[in-house]
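These are the structures in question, set out in turn.
Consider the two complexes below, in which chain A is the common component and chain B and chain C are the respective partners.
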Partner chain A sequence: MTMTAIPYADTEAPDVLVERQSRSGRVAMTLAVLGLIGLAVMPWWASTGTIRSVLELCCYIAVAQMWNLLAGYAGLVSVGQQAFMGAAGYALFVLAQTYGINPFVAIFLSLLVPAVLAVPIYFLLHRLDGPYFSIGTWVVAEVFRLTASNMPIVNSGAGMSLRVMKDFSSFERNVAMSLLCAFMLLVTLGGSYWLLRSRFGLALIAMRDNPIAAASQGVNVAKLRFLIYVAAAVGCGLAGSIYFMAQLRITPGSAFDPMWANVAIFIVMIGGIGSIEGVLIGSLIYFIADRWFGEYGATYFVVLGLMTLLVALYARTGIWGLVSKRWDAPWFPIRRKLVHRKL
Partner chain B sequence: MDREILLKARGVSKSFGAIRVLHEVSFDVARGEVLGILGPNGAGKTTLFNMISGDMKVSGGEIQLGGTMLRGEPPFRRCQMGIGRTYQIPRPYSGMTTFENLLVAAAFGGGRSEKRSYAFCAEVLRDCELIDKANASAGALTLLDRKRLELARALASDPKLLLLDEIAGGLTDDESKALVALVRRIRDRGVTIVWIEHVLHALLAVADRLMVLNFGEKIAEGLPAEVIALPEVRRVYMGIEG
Partner chain C sequence: MQWFDALVQGILLGGMYAQYALGMALMFGVMRIVNISHGDLVILLSLVGISMASAWGWGPLPVLIALVPLAVLMGWVLQKTVLNKVVGSDPLPSLIATFGLSVALQNLMLQIWSANSRSLPGGGIESQSIEIGGIYIGLLPVIVLIVATALTWGLDIMLKRTRFGRALRAASADVEAAAMTGINPRAIYALATAVAVGILGFAAVFQALRSTVAPADGPAQLIYAFEAVIIGGMGSVWGAFIGSMVLGISQGIGFRIDPGFGVLAGHIVFLIVLATRPQGLFGRA
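On to the complex of A and B.
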């Protein structure tokens, strides 16, 4: 806008300095970079079994962070992100197994499918409010599952196997899986962090706190929600493709498993909604709980459900919310602190 | 009046089903002017604002901003066109600091880059006496500071036209005096203001003209002293008979 209603002369402007980083942030950033490098070189320090477990953990983190973006910032509570995980997973299998494309190329091509599907689905669902939207996303995931069960090209209900992976040695596969893990976290966590620190991060948080006020201050809330939805679909698609590549098998039941929605909700609620730190904490808790208590079956799920319920009732902000209330030491600082002025 | 008209409303009406909230209201606001709007609760004042800011669509009539007819532009676009507004009940971004609240408006409403917003927002905060609370969480502010923030945030979007919705309500006398002084400073910078207010002395201290609404209709418009002297206005608004 060329016309400024409030003309402030340049000389009149106070000398300001805005602090964007903190010591805790620098420490965490160093650890995060080391962590990503550690992930990328897993074949040289971890067994195949460990790599598979870590890959699963990385998928939890990625899917939970996508859900966090949707529910925590855009106010879109989806319980159907598995639709995009399965769609991308199936796309990978079809491209690599049926059409013979190199699976490591196919994994990136497969991301086009959730991106393209997300557009019409969002236009169908975005008019639905709150719980109706959630139910809509779930219905879409179920429709995807039923469609896959009846599509000959994906071998219908019997599912598909990724036999082409036999062309690669176990070491080569481990290298690929490790690099993909690092890449997935870089894109989902790193990408979210970059987004939140950017100018659009301001709009995202404003939209989360008060969408009506955000719109009256020039934020295009509808467009931002749409972009977040598509981005989250692609992020979940990436996690899906990587996960099912490691599984080597995909069926309609596993591809569109609502378990992913449950896991994402548990992780984000326990860890702390609206924060990247919360996703990391929640994912670790879920991962460890799953390893230690998974054998108890139904009882274990009851305990997880009760934990989510208690957090929802008594500690809305999750573990990270409690921690950050006590200590002001964010791992991924997104604040703009006005620190210096000469007035 | 020979000054350029910034806001022009002609026959603006709003109905919700059979309920008529606003009926054929017409008025002009000149550039740099402060128009005060009075009226009892339910007179349609906030509805009028909602239609100017794009939060609601008009049922009839037309609104022009600086000669441009407003059609179906959503609120974010109207903000970028130069319409800033405050809400009667403050709507701070409670998860952000006061400074960050302003950055949103400056960056998205005012179309500045984030870097160029920093000094500007600090300046607006200083003007609105919020600079000492720049890094405080907006959710933890007192009522006066929330009202100031509401105003500061609207200013940060660089409005040509500022819509103030009962910003003096609920404040002590001293607090509302401080707010009046602030509104005057904003007016002196050349911002055109339309101000809905029940706190009459606050409004009279700044308004160039008054308009009175009752049951969705305009019942008076003119210079403040003349308008509040009208028997109709005294009866409707102040409950004074005769």
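On to the complex of A and C.
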């Protein structure tokens, strides 16, 4: 873009600075780094049971943040991200169990599967209008589930076990799980934060607020949506691989479980759509509620469903939306703020 | 002959899907929203019908006569209390709201009726068959197909000929312009959803008669309705009907190839249509 031809008269450039970080942001960043280090060294302070619970929480956060990127910024409301979780999980099991590749290498190789699958799926589904796109993603997840149920290489409907994990000691596995948790949050949360603070972030936020206006400002909405879809597929794939590695078992029913869509939608809507803070708040609420009220089974899900409904009707910005209306102290500031240079 | 039989069975199955798809086509055509709890409403109505039959010893016809007005009322209340608040150009609120409703409904049904599969006793009608040219055709699927055709025809006539139909089409073409001519869009929307869910009252009775229903069955019905609407072409009533037939035939032939392949065959045909003719078989490009 060359727009130098516009003659600005003798106006002086305003004496301002662009501020991109805030005190609350610096505090939160320090805590986040400490938290990640704490996650990575879990084997030295936590029991195996705790590590497994934390791993589950980390998977919720990762999947919810991917859904947040899709629905909150790109306007792509998917209810079928479990397709990519299951596909990557199955890829891990086939590579490690059937072909004998080191499972911790296989986890990263398995990410190629969701990345490659996401491309044709996006080109098929992006033709569907708004709400129909959502059900389309669900159909794709169902196709994956039924295909896995009929595929001999993944042991059809009976599922697979990751028996190679017994070659590693319990401590080695704990170290790997902890490092993978830290890595997963670094990639999904850290990656999203980096993305939102970059030039792409400006485009994404413009797109979130109004896709047509964003396009008129030169944002390539179609391309950005495609890239976000592929990135979210890989992010969900990573969560799926790690989750099923910890589970040691995968079946078509568990791999492509629509429950993940419920969880992601609940977390993001309750916590606050379009913000990283909302995902963290929502994940914690869901995790604690699941521990406390999970035993009530169906009643618990009725309440969960009704809460999602009420948030959609009356408080679309979720908890973080209400909080940030009251206090302006973002944990992950992504705004560019102009401040007067102190003289 | 075996394949001809699969074709006939597929068309009959399509009659069932058409009863799900009509309501979805109507709601999307008018309001541009998809009700994720569409399938769960069918199952809820089925279970209510089954409970009525067992409590008062009713046959299928009294259950149908009681269930359809109940369904109409449910649709109207759904629109008034939930959907009217989320209608708009942004698809997210309506999706999330009906998604939450779907989760709540499924689990509520699980609590009331438990996870068991149930069915509606039809007094012998479900096992009767008629022979045409060497093929035995179940009487019930034929009735389902006839009712589906009648409902499609009735809905089409209603949209084309009646005052309410004209108001509906006006609201779907341009809400604001329709409002300027004195149409109250919210009232029209409430009636449209009442009609859409009312049709599900028929679907609920036939679904419970021809097979079993369980609280977790709703999402599958939603997906079939959705596929039928997309295959046929959005916003057209006869398109949804033909789409249901295509879906039913694909599944019928798929089941004949391999029982594990039936549902998948339907999904694959849907994806092929989406790849080659995204506007649907009868949609305008």
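What we mean here is this: the second predicted complex is superposed on the first by the 326 of 343 C-alpha atoms of A that agree within 3 Å, B and C clash if a C-alpha of one lies under 4 Å from a C-alpha of the other, contacts with A are read in each partner's own complex, and residues count from 1 in each chain.
Basically, a residue touches a chain if its C-beta (ideal position, glycine included) is under 8 Å from a C-beta of that chain, and two chains touch if they have at least 3 such contacts.
Here the structure is a predicted model, which is why all the values come from computation and not from measurement.
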| item | value |
| --- | --- |
| Contacts of A:215 with chain B and chain C, given as first, second, both or neither | first |
| Partner chain(s) touched by A:293 [first = chain B, second = chain C, both, neither] | neither |
| First, second, both or neither for A:18, with chain B first and chain C second | first |
| First (chain B), second (chain C), both or neither touched by A:122 | neither |
| Contacts of A:203 with chain B and chain C, given as first, second, both or neither | first |
| Contacts of A:336 with chain B and chain C, given as first, second, both or neither | first |
| Which superposed partner A:149 touches (first chain B, second chain C, both, neither) | second |
| Contacts of A:312 with chain B and chain C, given as first, second, both or neither | second |
| Partner chain C, residues of chain A touching it in the complex | 71, 75, 77, 79, 124-125, 127-132, 134-136, 138-139, 142-143, 146-147, 149-150, 258, 262, 265, 269, 273, 297-299, 301-313, 316 |
| Complex interface listing, chain B residues touching chain A | 53, 55, 74-76, 79-80, 82, 85, 87, 91-97, 99-101, 103-105, 107-111, 113-114, 118-120, 122-126, 131, 134-135, 153-160, 186, 189-191 |
| Touching residues (chain side chain C, partner chain A) in the complex | 28, 32-34, 36, 82, 85-86, 91-97, 99-108, 110-111, 219, 222-223, 226-227, 230, 234, 260-261, 263-264, 267-268, 270-271, 274-275, 278 |
| Footprint of chain B on chain A - complex, ascending | 1, 3-8, 12-16, 18, 198-199, 202-203, 205-206, 208-210, 212-222, 274, 335-338, 341, 343 |
